[in-house]
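Heads up, the next two complexes both have subunit A, just with different partners, subunit B and then subunit C.
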Partner chain A sequence: MTATVAPPPESVRRNAVRGKKGRGGIAPPWFFAVPALLVYALVMLYPSIVGAGSAFTDWSGVGEQRSFVGLANFKQLIHDDQALGALRNTLFLTVAIVVVQNGLGLLLALGVHTTIKSRMLLRVIFFAPVVVSPVMVSFLWKYVYNPAPDAGLNAALGAVGLGSLRQDWLGNPSLAIWSVAFTVIWQCAGYSMVIFLAGLEGVPPELHESAMVDGAGTVARFRHITWPLLAPAVTINVMLSTVGGLTLFTQIIAMTNGGPGYATDTLSTVLYKQAFVFGKFGYSTAVALVLAVFVAAVSFIQIGYLRSRETAA
Partner chain B sequence: MASVFERPVGRRHLLQLAGGVAAASTLAACGGSSSGGGDGRLKVIGAGSQEAGLRKALTEYKAKNADFDFNLSFSPADQLQTALRAQLAAGNAPDLHAVYPGNGSAMSMVQLSKAKLLADLSDQAWTQKIPTGFKGAYQQDGKTFIFSPGTSVLGAIYNKKAFATAGVQPPTTWSELLTVCEALKKKGIVPLALGAQTPWVTQLINYALVPGTVYAKQPDFDDKMAAGSATFASSGWADAMNKYLELQKRGFFNDNPNGTTYEQATSMVGTGKAAMAVQVSAVLQAYRAAAPSPDDLGMFPFPATDTVADNWIPGGIVVGLAVSAKSKKADQARKFIEFCAQPDVVGAWAEAVACVPLYAEGQAKVDPVLKPFLPYLADNRAVPFMDQRWPNAEVQPTHFAVVQELLGGKTTVDGALKEMDEAYRKST
Partner chain C sequence: MRMAYRPRTFVLELVMVAVAVAFLFPVYALVTLAFKDPGQIANAPLSPPNPPSVDSFGTAWQSASLGSALLNSTLITVSSVLALIVLGSLAAYFLARRASRLSYSLYILFLVGIILPFQLGMIPLYQLVNDLGLLGTYQGMILFYTGIQLPFTVFLYTGFIRSLPADYTHAALIDGASHLQAFRHVIFPLLRPITGTVLILNAVHIWNDFFTPLLYLGGSGRETVPVRIFAFVNEYTSDYGLVAAGLVLAALPILVVFLVLQRYVIRGFSSGLKG
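And now, the complex of A and B:
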């Protein structure tokens, strides 16, 4: 038996076509975006463009006196040992944060994506540091890193018979950057965990079941099923932690102020000091512009690579 | 004619209205900046170290002037550099605000007056009483731009009980200082507390030593630096930094000074765990608060050499107050400054923040702890804090950083001083 279906009325077909255009609805008129664009232009574009202009002047940050200096600030940046040292520190921190924070976040996500009874409590505990202000976390860890033998981490090491491992965690120029990196990772690993957890929730369980029937072990299932399907979560986590690492500021200012010496200075702390401590707003803006372009370039390259990986998966 | 609110509002008209409101709000926000706020009160931002004196002066002035009111807040040193500079840049600075005397900081009198951000106070009578030696701290191009109640001295704040335990007295020469430190160390007391994680603390020992190792021999050292005929690296600064390191090598500092904060060092001296800390008298109140009794603490000039006559002291004008050039309440602010400059108010303010008053009618009332320093001031054996004559805001932070590097073993005295010389030679 053959069933015949009458064609839909013209108005329905027209709406269906429009719906395709608007991804499931009526396409809104373009000028609906105007108020939002105006606000964006006013609070973002205009100040950014005016600010960027300062990079080509010798403005001190206060007063009206300023002269156009062309590319002098950018030339100075190339020969600035302090800025180059800060760039090295920035890259070190970024790599450490991206690798360790995401590695740890993935392990935590795999750990709490199980059937153990306390998984919900553990998720809350691991995520809790994320909702605390970075300044609060920095001051908390500054206390933990107290160099006195009877305080903080050193006291804990002493109590378990590891007194020989006591350190001047923030005062030793060779160790301070590791201490800062650890604090950032401690705070943000829970954030990566939540994103990976969302990815893990989207992996169909029947894939694992059929692989188990085929005799695949835990490692093989992770490698061939979980990891490829986590590609979107990896993209987001790597992107966010890279941008966070490249622009790291709060924890450093609160914990070490870039010291001892210049041991923990990053590009963000250098541009802050140039503007507000040295009174060189023009040069500071040049550093900020270079940082912005650098972050954008790294992000575009990264997202291009990670998106291609997602497609391949 | 019907008002717009009586007509039915179509989509286009609604957008026109929204746009108009947004534009009006924006214009109001951009054009309506007024210095000091619009509530009729004088907006004042002071330095945290001057709180006791400034609050006292404002309260007293308000009691005498019924129509006067103020909105007072305080900033620690680092926030003065950021929040206040941002307000100055935006043209909405408070009516009265803290400014560092002399030059050498982005928030110093010279830097801000050059940018035409400070009101000229030269027509006030008190400006004629500024001692010649201190004019550079208050004046630029012959005009007075700040008021400051007096001089803070720098020396060793010491715990008398710790000294008594070790059976020692305040030293008067460098060798005696080393002997005293050795005796304290043998008794298990940290001789010198150093909180070098707090950047500004790093400079204090050098500031205490340099008057003896540099200025006692070359009183015109600053002029020679400005003329380019002297350098930090080839001066007594090297001697001072070597002595700084000698104190560390002999184990006279607390462990890990680079990881210790100012607050921790203050607590160590207050509780007697440490015997001394090199500090400015302006922080005496904080040290007293950390001690069981304020009488537990004393202060003495920190000796730099073995020749008593060469042991000069650093004495710098404390953070001052200036009237914003853009203030709409400038007259009110200037009248308050004039009140502050009366000798009895200067004296009360100076006493509250443990500094030596700028001037006094008759005998100045000074915190008894500061008495060992008075002969140095009377004999002209005191030099302003070094940064007040540095030409730009980059030398001082460089000094902080190189001292931390020295303490961390990451540079040498020669390398540190060369870096300071490079910062000094950069443009103003």
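And now, the complex of A and C:
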């Protein structure tokens, strides 16, 4: 490439002198990255480091007064029924959302990735909730879950003769967590769907055609052709919904505020309440650190898996 | 899978339409609610409004101060997305084009931000924003969104720039352009597809975000739409018709934008994560 460059202008010479050449081009100067780095460091890196540090203190959040308490916050955490319940709820919600949202998303994608006439309209309908604020979706479902027998879902059940199935959807402690999970699933299934659709569009039709010539049925073709080729879409979807599930907050605050009792508290709602309701910032950041470790662990495993698949392919 | 329209396809079509109808039930319930007066809500909760009344919409618009909330949301979203596009693309261009150990470490440092949950730094950041005198200001929110969304933005841009040939800049620099000129006139226009994705994903996220604006803007008079709606619904909780009208009005702007740009939005969401 250097052979085609006849008289090097000033900027090229400057770079050449310093010997900084990018991948086949002339490297841009450092100041390109500095503003982004400054903002990122100020908003994310610095507060996260301070946060991780204060997990080992008794900081109240007011003033600078704080003393090192070692692992006391974490010891308190493993004896704190509310925090442990929140951890259980978080994991439960995450598993429920990952499985059902992606299962549903895959079925929807397979359904609209066909020759049906309504396929474009259906994509728009199923995807639309994704762009709406989770606060509004939560309030919408809060009405649907209205405990009154003549409102929302209960009214609909009554109208189709299933009145006996009426429930206090958000007030029943064992049901509330499912109701919250379903709200998230309703909003996000369309997101999974479009990622699966992108995967399905990458499956060469010739593979299906030749398999059909060989007499493979729908199920066999899905198992041996579609499913293996969907692996990257599966990974992306599982990763997105796992992180979304682990950090679930808005829907809980808007629908149940963690109740009834602590039945729908998550790590995010507990750390929020500890910080802003009880003023225990040190303890709150300990909960946040536990959450961060979960999220980081899941992301690492999934990114590693995604990379190994990509290199294998 | 592109096959002819067969009887089986017709059955599938019916099933999918039925699923969509069930899927839309909550939306139907909400929209009809918004058009009913209290008497109709009590007597016929699920039937279509008869006659439809639009009184709730005016009241909801006023009580939730949706007009100023829309302005606040627009200002914060547009400024943040612009900052993200400028800072993100510049940094990514540097990271993608300079092959040194330091720039690679810097890239990894940005990637860490993608998996770092913001809850970890939430409280120290709140203090910092308070100390800087930025609580309750637009600038505070714009700074927050720019910082929090930069890792993802840098990740998207870097992946895209790496797939571009480097010759273009080369040529521009040889013609005597400065690095910034070369970036602005040669590179940045080539980034259009990924800039579209960056714009869509960040704009939707920032427009809909709830928790941080609640924390930073609550009571300032500069609340965004989700924060106003949260306060509004909690205040009028038992007035179903009014709450429904407020929710419909608040969700409408982004739904309209989505319907107009649906193809780009769906493509942005489905391609964004593959870089």
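The working rule: the second predicted complex is superposed on the first by the 266 of 313 C-alpha atoms of A that agree within 3 Å, B and C clash if a C-alpha of one lies under 4 Å from a C-alpha of the other, contacts with A are read in each partner's own complex, and residues count from 1 in each chain.
Following the convention adopted for this analysis, contacts are C-beta pairs under 8 Å (C-beta built on N, C-alpha and C of every residue); 3 or more make two chains touch, one makes a residue touch a chain.
All figures in this text were calculated on a predicted structure; none of them were measured in a lab.
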item	value
First, second, both or neither for A:Ala286, with subunit B first and subunit C second	neither
First (subunit B), second (subunit C), both or neither touched by A:Pro35	both
Of subunit B and subunit C, the chain that contacts the larger number of subunit A residues	C
Partner chain in contact with A:Asp168 - subunit B first, subunit C second, else both or neither	first
First (subunit B), second (subunit C), both or neither touched by A:Val277	first
Partner chain(s) touched by A:Ile252 [first = subunit B, second = subunit C, both, neither]	neither
Contacts of A:Lys117 with subunit B and subunit C, given as first, second, both or neither	second
First, second, both or neither for A:Leu87, with subunit B first and subunit C second	neither
Contacts of A:Ile97 with subunit B and subunit C, given as first, second, both or neither	neither
Subunit B versus subunit C as contact partner of A:Pro47, first or second or both or neither	second
Common interface residues of subunit A - those touching subunit B in one complex and subunit C in the other	35, 39, 42, 61, 272, 276, 281
Residues of subunit A that touch subunit B when the two form their complex	31, 34-35, 38-39, 42, 60-65, 142, 145-149, 168-173, 256-257, 259-263, 272-273, 276-279, 281
Interface residues, subunit A side, partner subunit C - complex	1, 5, 8-9, 11-12, 20-30, 32-33, 35-37, 39-40, 42-52, 54, 61, 108, 111-118, 122-128, 130-136, 139-141, 143-144, 150-152, 155-156, 159, 186, 191, 194-195, 197-198, 200, 203, 205, 208, 232, 236, 240, 243, 246-247, 249-250, 253-254, 268, 271-272, 275-276, 281, 284-285, 288-289, 291-292, 295-296, 299-300
Interface residues, subunit B side, partner subunit A - complex	15, 18-19, 22, 26, 81-82, 85-86, 88-89, 106, 111-112, 114-117, 196-197, 199, 255-261, 264, 392-394, 397, 400-402, 404-405, 407-411
Interfacial residue positions of subunit C with respect to subunit A in the complex	1-5, 9, 12-13, 15-17, 19-20, 23-27, 29-30, 33, 45-46, 87-88, 90-91, 93-100, 103, 106, 109-110, 113-125, 127-128, 143-144, 146-148, 150-151, 154, 162, 165-167, 169-170, 173-174, 176, 178-179, 183, 204, 207-211, 215, 225-226, 229-230, 233, 240, 243-244, 247, 250-251, 254-255, 257-259, 262, 265-266, 269-271, 273-274
